[in-house]
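Common to both upcoming complexes is chain A, partnered first by chain B, then by chain C.
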Partner chain A sequence: MPDVVIVGAGIVGAACAYYAAREGLSVAVLERGTVAGGTTSRGEGNILVSDKEPGPELNLALASRTRWLELAAEFGPDPFELEEKGGLVVATSDPGVAALTRFAEGQRATGVETVAVRADQLHDHEPNLAPDLPGGVLYPQDMQVQPVLAAVSLLAAARSLGATVVRGEEVVAAERGPDGRVTAVRTRTGSYPTNAVVNAAGTWGGQVGERLGAPIPILPRRGFILVTEPLPRVVRHKVYSADYVENVASDVAGLETSTVVEGTQGGTVLIGASRERVGFDDTMSVEVLRRLASLAVRLFPFLADVRLMRTYRGFRPYCPDHLPVIGPDPRIPGLFHACGHEGAGIGLAPATGKLISQMLTNDQPDIDPSAFAPSRFAQVTAE
Partner chain B sequence: MSQPHFSFDGSQIPFRPGQSVGAALTAAGVRSWRSTRRAGRPRGLFCGIGVCFDCLLVVDGRPNERACLRLAEPGMEVSTQEGTGHGDLEV
Partner chain C sequence: MTSKSERMFDVLVVGAGPAGLAAATSATRAGARTAIVDAGVAPGGQYWRHPAPSEDGVSAAEVAHLHHGLATYHRLVAGLRAVAQFSEHHVWTVTRDTDGFVVHVIDRTGGGERAVELRSRRLILAPGAYDRQIPFPGWDLPGVMTAGGVQALLKGHGVVAGPRVLVAGTGPFLLPVAAGLSESGANVLGVHEAASPLAWLSELGAVIRNVNKLGEGASYARMLARHRIPVHTRSVVVSAHGTDAVERVTTMRLDRKGRVVSGSERTIAVDVLAVGWGFTPQLELPLALGCATRVDVDGSLVCEVDDEQRSSVEGVFVAGEACGVGGAALATVEGEIAGTVAAGASSVAPRLRRSRAALRRFAQAMHRSHPVPAGWVDRLSDNTTVCRCEEVSFGALRSMQQDLDAHDGRSAKMLTRAGMGYCQARTCGYAVGCILGQEASRTSGFAERPVSSPLTLGALAASSPTERA
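The block that comes next holds the complex of A and B.
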């Protein structure tokens, strides 16, 4: 009997499995589809500190960034295309420069490295940028991984420590003992007796929570990404417009777009980012693609003569307060949630996995998890 | 009536109307016209039906054209593609 059943083999489930197995727990990962087949493979693999305001999520991101570096060294050489490329945030107006500079000062006070970049210095960092931009801020700590490789590496490491990964297993319910504790996870095909369950189902964490008898408010936020033909190194950093941070934190339901451009080791350049609350509707939208493309050309004019090869889209798991849900569910002893990381799941995965492993083994958490507690939601404490 | 030609890396390649660039090059004895991005290995026609993207070359300054799909036209300037064909953009 596994000590813990983890629901979901995306990046967060993989990190939970790895850190739990490293603590000596026996682990079973259940995945209804394929490894990294959900939101993990629908983003750019970002590990960012630049887009987070001072607070609990930024603290989690800083801790997680250190863990990513540790994992790369441990699994190396070059296990998942980790690149310490840095992020360059570019303002598009003079008031934008002032706002960005203030934002960066606040981040700096909590341990984020920031370098102010004047208009005349922008091209030293990114020679292909448009000539008329007013300035920006460089964040040397921003990094990128190939997220599917990263999830697969974590799961492989967990398996070498004895974990099992079962695909094609869709969770339908939790079985509970007379004291209310979890005793098993029931799937469409059978039952997995266990003492603990981790809901790492990402954007589908709300549904899985409901099936387990403990709903949490996680909803999808759709995003599109454009993929160019392979190019040489044309963009050095993750480059994005300053309005991206506002869009990440906003509560608007309609279409929001900001410009995010970055290269990959495969040679393609990825262009985002859009945000829409349209449920799980995955219809292609030419309107969104057009907007993303024209915004990207505004930042990098050379892109006008580069062909797009394909696009993809996915659903970020967002909570009403834009914080992930990490911790025990007070309604069902033995159930833990580790989901709702919105667009930051890759970056935040290792610190989330470590926190979950510390909670499973009753260890002192190395970072304060209280802001992420499921009990912060009224619907959780009311029941 | 003289046969139409297009230029390939400076030499003249004859073609029959309706022939693809890739077919004309192959008929003229040219078997490879691209080097791969990493190892610089030679590439030419592979699938020949537009699927594999192996036969890329530069047509009138535009890289990543598929030789197997592009119809040959008189006066067209075709050239070998090195890697991505966008080496000028590298920073």
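The block that comes next holds the complex of A and C.
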């Protein structure tokens, strides 16, 4: 009987599986589809500290960044295309520069490295940028990984520590003992007896929570990404416009686009990302693609002649307060949630996995998890 | 097409091959405001591919001898008089709208690139198919081409791919390729057909109902005999060799079960190897709209259509190879039915239904007689390239399966980049699916292409939606 059953084999489930297995727990990962086939394969692999304001998410991001570096060293050489390339945030107006500078100062106080970049210095960092941008901030700690490779590598490492990964197993319910504790997880085809369950079902975390008897408010937020034809190295950092910082924390339901432009090891340039609350509507929106393309061309004029090869779309898992849900569910002993990471699940996965493993083994958590507790939702405590 | 209001059509047809041409002429005849969009320079599709009016100095008359059913072609093209024709326009995606569909096209006339939108109440998708390819050691050498590619060079540009050509693979479409090459002066060394000569015997019922079709095949066979082109049945090319280009190929005999007979290797010196293993329907546009699919007798994923060529999506019709590979005659009939119904006609001539039924039976008989012989995966070595765009080897796919325990198409794309290059998996999608042991019904990942034809970000950024008429 596994000590813990993890629902979902995305980046978060993979990180939970790895750290739990490393603590000596016996782990079974149940995935209804294919490994890393969910949102993890639909986005970019940015590991960002730059876009987060001081607070619990930034603390989690800083801790997670360190864990990513450890993992790369442990699994190496170059196990999942980790690149410490740094982020360059550029403003598009003078008030934008001022706002960005203030934002960066606040971040610096929590341990984020920031370097102010004047208009005349921008091209030293990023030679192909548009000539008329007023300035920006360089964040040397921003990094990127290839998310699918990272998830699959974490799962492979977990397997070598004894974990099992079962594909095509959809979790439908929990079985509970007389004391209310989880005793087993039921799937469409069978039952997995266990003492602990981790809900790492990402955007479907709300649904899985409900099936297990403990609903949590996770909603989808659609995003499109453009992928260009392969090019030589033309974009060095992850370059994004400062309005991204505002968009991320926004509560507007409509479309928000801001540009993040970055190169990949495959040579393609990724242009993201839009944010829309349209439920699980997966139809193509040419309007969104058009907006992304124009913003990218605004930052990098040479992109006008570069071909768009494909687009991805995915649904970020978000909570109403834009923080992930990590921790035990007070309604069902033995149930833990690890989902709702919105547009930062790749970056935040290792620290999330580590926290979950510490909670499973009753160890002292290395960062304060209280802001992520499921009990912060009225829906959870009401029952 | 000048004013925006002119861009709202009753029926818009994508693809000007036999299916699309027939669809557009029937729709306009039934009174619908009709448009037809095609990426090519002239209408005709794969079957009646024509050179651009003055390209390379080759005129349509010079390639006329390569075409069959030209009378039908001329009749269909003449029927397009009242149809808005957009050639050299690539549809890169289609979306729904409140009162119909928006067809997003890239206008490539005059060498430039402009993104425009056309609107239509109903859509007929007739995007055809492309050559199904199977990797083998040496298949990425210059000079190894698809049968369709060789034929397109010939029909579209009047170019014979090389002096000594060997034609291989399976299916009746190898014969016209060999005959066309030979008529145009190539030295066709032989046709190596993997199927057994007896395969058709068990399909006599379908064959007899299609005497016309057989007549065409028989005339090619006579042509091959006249040019003394040997046809070797139960023979397969197992490898190609050469340094900078193909110089030799190795063929082997197949036994009754389609397995290679050891010791039967023969080496033949060639300049060009033309290989055809059937076709893969081009499904990205139907899939973009969510049309339901099924797996056809030949293992291809195809669009599901009803008796009147309606897809599962209201207002979207599919005709031709995209709903099952079956040749030009079947494509034409399906197009005619789709065009008539999409234009709002209340009934379809029973003659059309009968002939479609007979042609479909024939197509199925053809597929059953010309399977891709199993065993080709075993002939790959770890360094055989499977995805040519991204240079992904068979070994890379195998180690992905072994080391990373990943077995699906999506993982193959994300982990090895197979299928992520310029051709967007048109070349390797079928092979990667087979290597991973996936059923065709699960390989729609390789059939989906959100951007059906790559366009520049500048053109996309500069495009603006047209107002509703």
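Keep this in mind: the second predicted complex is superposed on the first by the 383 of 383 C-alpha atoms of A that agree within 3 Å, B and C clash if a C-alpha of one lies under 4 Å from a C-alpha of the other, contacts with A are read in each partner's own complex, and residues count from 1 in each chain.
In the analysis below, a residue touches a chain if its C-beta (ideal position, glycine included) is under 8 Å from a C-beta of that chain, and two chains touch if they have at least 3 such contacts.
The structure presented is a predicted model; accordingly, all values stated were derived computationally and were not measured.
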Which of chain B and chain C A:E287 touches, first, second, both or neither: second
Touched partner set for A:A36, first chain B, second chain C, both or neither: second
First (chain B), second (chain C), both or neither touched by A:L155: second
First (chain B), second (chain C), both or neither touched by A:L212: neither
Winner by number of chain A residues touched, once chain B and chain C are compared: C
First (chain B), second (chain C), both or neither touched by A:V297: second
First (chain B), second (chain C), both or neither touched by A:V165: second
Which superposed partner A:E229 touches (first chain B, second chain C, both, neither): both
Which of chain B and chain C A:R307 touches, first, second, both or neither: both
Partner chain in contact with A:L82 - chain B first, chain C second, else both or neither: neither
Intersection of chain A interface sets (partners chain B, chain C): 229-230, 306-307
Parts of chain B lying in touch with chain A, wherever the complex brings them together: 37, 64, 83-84, 86-87, 89-91
Touching residues (chain side chain C, partner chain A) in the complex: 93, 95-96, 102, 104, 117, 288, 390, 403-408, 410-411, 414-415, 417, 420-422, 424, 449-451, 454-458, 460-461, 463, 465
Interface residues, chain A side, partner chain C - complex: 34-37, 41, 146, 148-149, 152-153, 155-156, 159, 165, 226, 228-230, 266, 271, 283-287, 289-290, 293-294, 296-297, 303-313
Touch list for chain A against partner chain B, complex: 126-128, 229-236, 267, 302, 306-307
